[in-house]
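Here come two complexes built around subunit A, the first alongside subunit B, the second alongside subunit C.
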Partner chain A sequence: MTGFGLRRSTIAMLAPSVGPIAVFVLLPLLLTLWLAFQRWSSQTPFSTATFVGLDNFREIFGAGSVGSDFKRALTNTALYSALSIALILPLSVLFGMLIHQARPRGATLLRTILFATYMVPMIAVALVFSKLYSPTEGPLNQVLGLVGIGRQPWLSSPSSALVSLVILNVWQQVGYFTVLAIAGLTQIPDSVYEAAKIDGARGPRLFVSITLPLLKRTLVFCAVIALINAVQVFEPVALITQGGPVGATNVVTYHIRRVGIERAQGGLGSAMAVTLLLALVVAVSAVFAAVRKEKQR
Partner chain B sequence: MSSLGIKGLILGGAFGALVAASAGGAFAEDVTVSFLTHWPPETVAKLEAAAAAYRKDHPGVAVTVRAVPFGDLLTTIRSSAGQASGPTIAGIYDLWLPELVRDKLVAAAPDTNAAEVKAEWPAGVATAASVGGTVYGYPNEIDVYALNYNKKLFAEAGIDAPPKTWDELVAAAAKLSDKDAGRQGFGMINSWAAGVVHPFASLLASNGGALVVDGKPALDSDAAKETFALYETLVKAGSSEATMGTADANTTGPFLDNFVSGKTGMIIMANWWESALKAGMGDAFADIATAPIPVGPKGDGPHSISYSWLTVVSAAAAPAEQKAAWDFLAWLNGPTSGANGASAMGDILQSMGILPTRKSDVAAFKDRLDTPFLAGYVSVLEEARPFPVVLGGQEFTEALQAQIEAVQFGQASAADAAAAAQADAVSILERAAQ
Partner chain C sequence: MTSLALRHRIGQVPGWIVLLAWAAAVALPLYILIVSCFKTTAEIYNDKFGLPSAWTFQNFISAWTHVDFGRYLLNSLGVTGAAVVFTVLFAAMAAYPLSRYELKWASPVLAFFLAGIMLPIRLASVELFTLMKELGLLDSRLGLVFVYVAIRLPFAIFIFANFMRALPRELEEAARIDGAGEWRVLFLVILPIVRPAVAIVAIFTAIAVWNDFFFPLIFIFDQDLRTVPFATMSFIGQYRTEWGEVFASLALSMAPVLLMYVLLARQIREGVGAGGGLK
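Up next, the complex of A and B:
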């Protein structure tokens, strides 16, 4: 086959899979990028957009209400993501080890229960948690009261609302990551543990020197997926807090919806979306760079 | 007759039958009109019953009802505009109208419907349903704010009458507050833009001020600064606990729970909360009374702000759907669709404690509006000040909400909040006007 013919057949074979990606992923991405530099009402045709250079980016990082709201949303998203990952990863490893290594009675049931939380629709989770967190009538505060701990404001205070949403996220996601952790743990051969035990390693030493290093690839994958999930948080905010109180739970995706759709400021919303995408790319790249550096050492 | 002649006759007859069937089919063809609202299920059921009654006389028109939480209403209207699945009719807050008109999402009312609105509704209400003199929908409800207070808690605290001035409000709130019992004297709502801004605007109007004067924000006026300072005073005195005022997407949540369960002595709230209060309190609803907004030091009397709702028709709907939608709305809001000269819409609104606006509905519900709870609202209607309907109004409201909440949670002083609110408002309204 000639080079030209090979190229044509390659294109023909790739087209069915690459074509939809180009249409449904790349095209909207490029359109969003283009709109980020335009002044455009999202209720009007694209032809009404006018080029404004970097004005949208200046505004979302400026000192006005648009800028302060967006920067607050960006900070909230970063905090939400960092806290979620910091809680999900250790918990999933802990539960994974409990189920895989300790093998308690009813381990399969425990694994099923943990994974079931991931399958519950967010609308149901949001409804239940909004009642659990109710400051006066909520069961959580009633239980805390029984053990002598005072009432917590949960979603009603700017200082605890975001953390309350993180707890909800951890509750829902930890089962999924536990399954991933178990999958990683099964890849570690028993012979490695046996060899370490012959060398005198026990308990925590086995975990630090064997389990954790050999689980690293799984953990990096989990961290990246948990990060992407966390950055895209939207439903609990829309369903429970509406970004409040005082913007404490206003995350970027919810803010983009408010600006780009509710206020129809499509240009500003697109600039925010592009910024979020860049922030995510930088964060994921940083994770991989850190892993590479660790490998080189 | 030749075979060609017979074939021609058959073909001609078939064609004629087809044309006749098509014409008959077009006449009897169903038109589906979808109605988007934020009303609760029990009210949606009443609207569906009205739609079913309408269908009896209009067999070609089916009206379907879809409800979303208030917090999602504007987004749903905007995101589904122009789509086949988008709503034909939507209930909207008057503040949203200028931008929906600017973006060509709503249709102007046909002449007969527009003339009816201008003739049968009070001029101010008809104006709120218009932009540039063009009517865009049927007004249905008007809402005003009043002080709601718990008579039982007042009696326990030894307070004889509801506060008439800000000084009396501060004093009563302090007396009603009991930290050990988890009770606050005066409840301030948060996490819901209109719920936060409307009571503030009512207190501001009762202190001789306004949010917008001659199209320009006036949040740095002395009257506005004093209103922010009133909030600060109540918070610092411990008479208002911000964490007890959270609202959820359905405008209920802890704010409602605390008032209903007697953990809040007073709130400033709109008349349409009557149904929520009744549902939450049962017999204890008898403990709730209404009074005019307390007057500030610069005020000449109590003034609530008022806002209205209207039903609009999508500009993207097919002509047949638009025609059917306007016909349905004329019937729904007309004096023959309800009982005793009231409209079906009037009946629906009254079931929620909402004040109707059509003159014939106000007359038909005269006795109903005379109940102790609603009479307190009807009495302030005359002196109410319309909430400013301007381009960028929703963003303006949300920015002001952020500053008011910052004072509620002790994150900003009254003076800083007033200055920041003014700066934000100037920039938002200028940008929206471009």
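Up next, the complex of A and C:
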């Protein structure tokens, strides 16, 4: 089975995948790790970088304007990610259960409509929402007016701009995660529910002691994917808000581009990326550790 | 209708109201996008909800002629087509030994591909930009294809491996006894059986690449090399924007994907279940 000819074909089969991933995904991230400890202008080749130890990290966490801008961006990304997950997960489980139980009549059509948002390119979503959110004559405020809620400032106020971008993200992603939730729900056998019903479990009790535990793997997967997507948010910020008003929507990916490309401070940008990467690793490990601990109990 | 069935129906009413409310929330922006294609810019500003006063295709015509839309469409088609072909081909090749042989070092290789999924590459966009510059791949459609293939491959490999793992061993053993080499086994025996995986990988790669705005923004500076979503940006002027044309060009760029979705909605949803739709 492991003759020489076989092994050579194995290497030839793996190389076209390993090569591009190593060069275009892994290498840039390794360069980021290295450059975080260097002074480097992104207008010059990598060879011009000089080692500066932890200076970049001292600066991005310092009291100066670089530090306060970055800390604001980090907070914005954390808030955006946390709010997105906190809305997307419960909504997709809710919609998933409703569609799953309503099978089959109308369910297919509903699924088709709900999932359609996934097909719409981010640029279209961003531009349409920028019109929807218009504070004076925007359709969203017109709809809210019909049910007696006053005008909201949406993107024009620092206090509501980030939440408005979260809503846009939820609008686009819930359909996708709903389909994932349905896939998880269909794997729970009906017999489990029937057994629980015989034991007298009803309604919310069924949900808490059967649905949620058996859906955990799906939920953890969804949370991790939603998190990885959310920390990379870029398009709506670049297309609609440019980080404003007054830095309220300046998220890390957008800030890194500003610092790293426009101001050419590649070392600082890399240190920011590494900080967010570390935060992401900690968050994902915490999710997995929590799940494992639960399992051991 | 028995009273029990009736009660069951009534019990479902709140659920239906929630779902219909969400369907309306999904439909409203899409409705606005579509009607705005037929409105003048003044109408878009004054009456966002209403139907256009006249259904004309003027916006589509001016969007098409104002910029070189046909050229952008060809760029998008070329980049998307190449990315899909290479992703399907390379992913199938990598998944075959990983799922059908008993390799001692399979798990480090799988970990490498898993890292490709989990690592947020956009955080390294400055380094990727400089790397592409040093490789001479800026302002190059080929450079875009390389990056898209590298990003889409890991998921494609896992999907192919999942499908291939489920096949019985006897399949390729019979072919090997007949003297077929490993490449023949892969392309003539295994690949035809995992056609659903080919469809899932192709569909999701096509959607992701076709809709992408991020990488052309970083890598493409030459007007002539722009892809469709990025080209839409050229309608947004610094002082004055013809919003009707913007929406028309968005609709034009979405048409192929939406058409595919209407035709293949079920396969696409099943692909999500298989893990195909991740960024």
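Please note the rule applied: the second predicted complex is superposed on the first by the 275 of 297 C-alpha atoms of A that agree within 3 Å, B and C clash if a C-alpha of one lies under 4 Å from a C-alpha of the other, contacts with A are read in each partner's own complex, and residues count from 1 in each chain.
The definition used in the following text is that a contact is a pair of C-beta atoms (placed from the backbone, for glycine too) under 8 Å apart; a residue touches a chain by one contact, two chains touch by 3 or more.
Everything numeric in this text was worked out from a predicted model, so none of it was measured.
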Item to complete: Examine A:257 and indicate which partner it touches, taking first as subunit B and second as subunit C; both and neither are also allowed.
Response: both
Discussion item. Quick one: is A:52 in contact with subunit B, with subunit C, with both, or with neither? Answer first, second, both or neither.
Written reply: neither
Item to complete: Report for A:28: first if it touches subunit B alone, second if subunit C alone, otherwise both or neither.
Response: second
Discussion item. On the A-aligned overlay, A:220 touches which partner chain: subunit B = first, subunit C = second, or both, or neither?
Written reply: neither
Practice prompt. Please work out whether A:280 is in contact with subunit B alone, subunit C alone, both, or neither, and reply first, second, both or neither.
Written response: second
Discussion item. By the touch definition at the top of the document, which applies to A:20: first (subunit B), second (subunit C), both, or neither?
Written reply: second
Worksheet item: Which partner, subunit B or subunit C, touches the larger number of subunit A residues?
Response: C
Discussion item. By the touch definition at the top of the document, which applies to A:10: first (subunit B), second (subunit C), both, or neither?
Written reply: second
Item to complete: For A:132, decide between first (touching subunit B), second (touching subunit C), both and neither.
Response: second
Worksheet item: So, does A:111 touch the first partner subunit B, the second partner subunit C, both, or neither?
Response: second
Worksheet item: Where on subunit A do the contacts with subunit B and the contacts with subunit C coincide?
Response: 42, 134, 137, 238, 257, 261
Worksheet item: Which residues, counting only subunit A, touch subunit C once they are in their complex?
Response: 1, 5-6, 9-10, 13-14, 16-18, 20-21, 23-29, 31-32, 35, 42, 45-46, 91, 94-95, 98-99, 101-102, 108, 110-125, 127-129, 131-132, 134, 137-139, 142-143, 171, 174-176, 179-180, 182-183, 224-225, 228-229, 231-232, 234-235, 238, 252-253, 256-257, 260-261, 266, 269-270, 273, 276-277, 280, 284
Worksheet item: Okay, in this complex, where on subunit B does subunit A touch?
Response: 71-72, 74-75, 78-79, 81, 99, 103-105, 182, 190-192, 242-246, 248-249, 253-254, 257-258, 261, 263, 394-395, 398-399, 402, 405-406, 408-409, 411, 423-424, 427-428
Worksheet item: Of all residues in subunit A, which touch subunit B in the complex?
Response: 41-44, 64-65, 69, 130, 134-137, 151, 153, 155-158, 238-247, 257-258, 261-264
Worksheet, complete the sentence: The answer for subunit C against subunit A in the complex is residues 12, 15-16, 18-19, 22-23, 25-30, 32-33, 36, 44-46, 48-49, 86, 89-91, 93-94, 96-98, 101-103, 109, 112-113, 115-116, 118-131, 134, 146-147, 149-151, 153-154, 157, 181-183, 186, 207, 210-214, 217, 229, 232-233, 243, 246-247, 250, 253-254, 257-258, 261, 265-266, 268-269, 272-273, 277-279
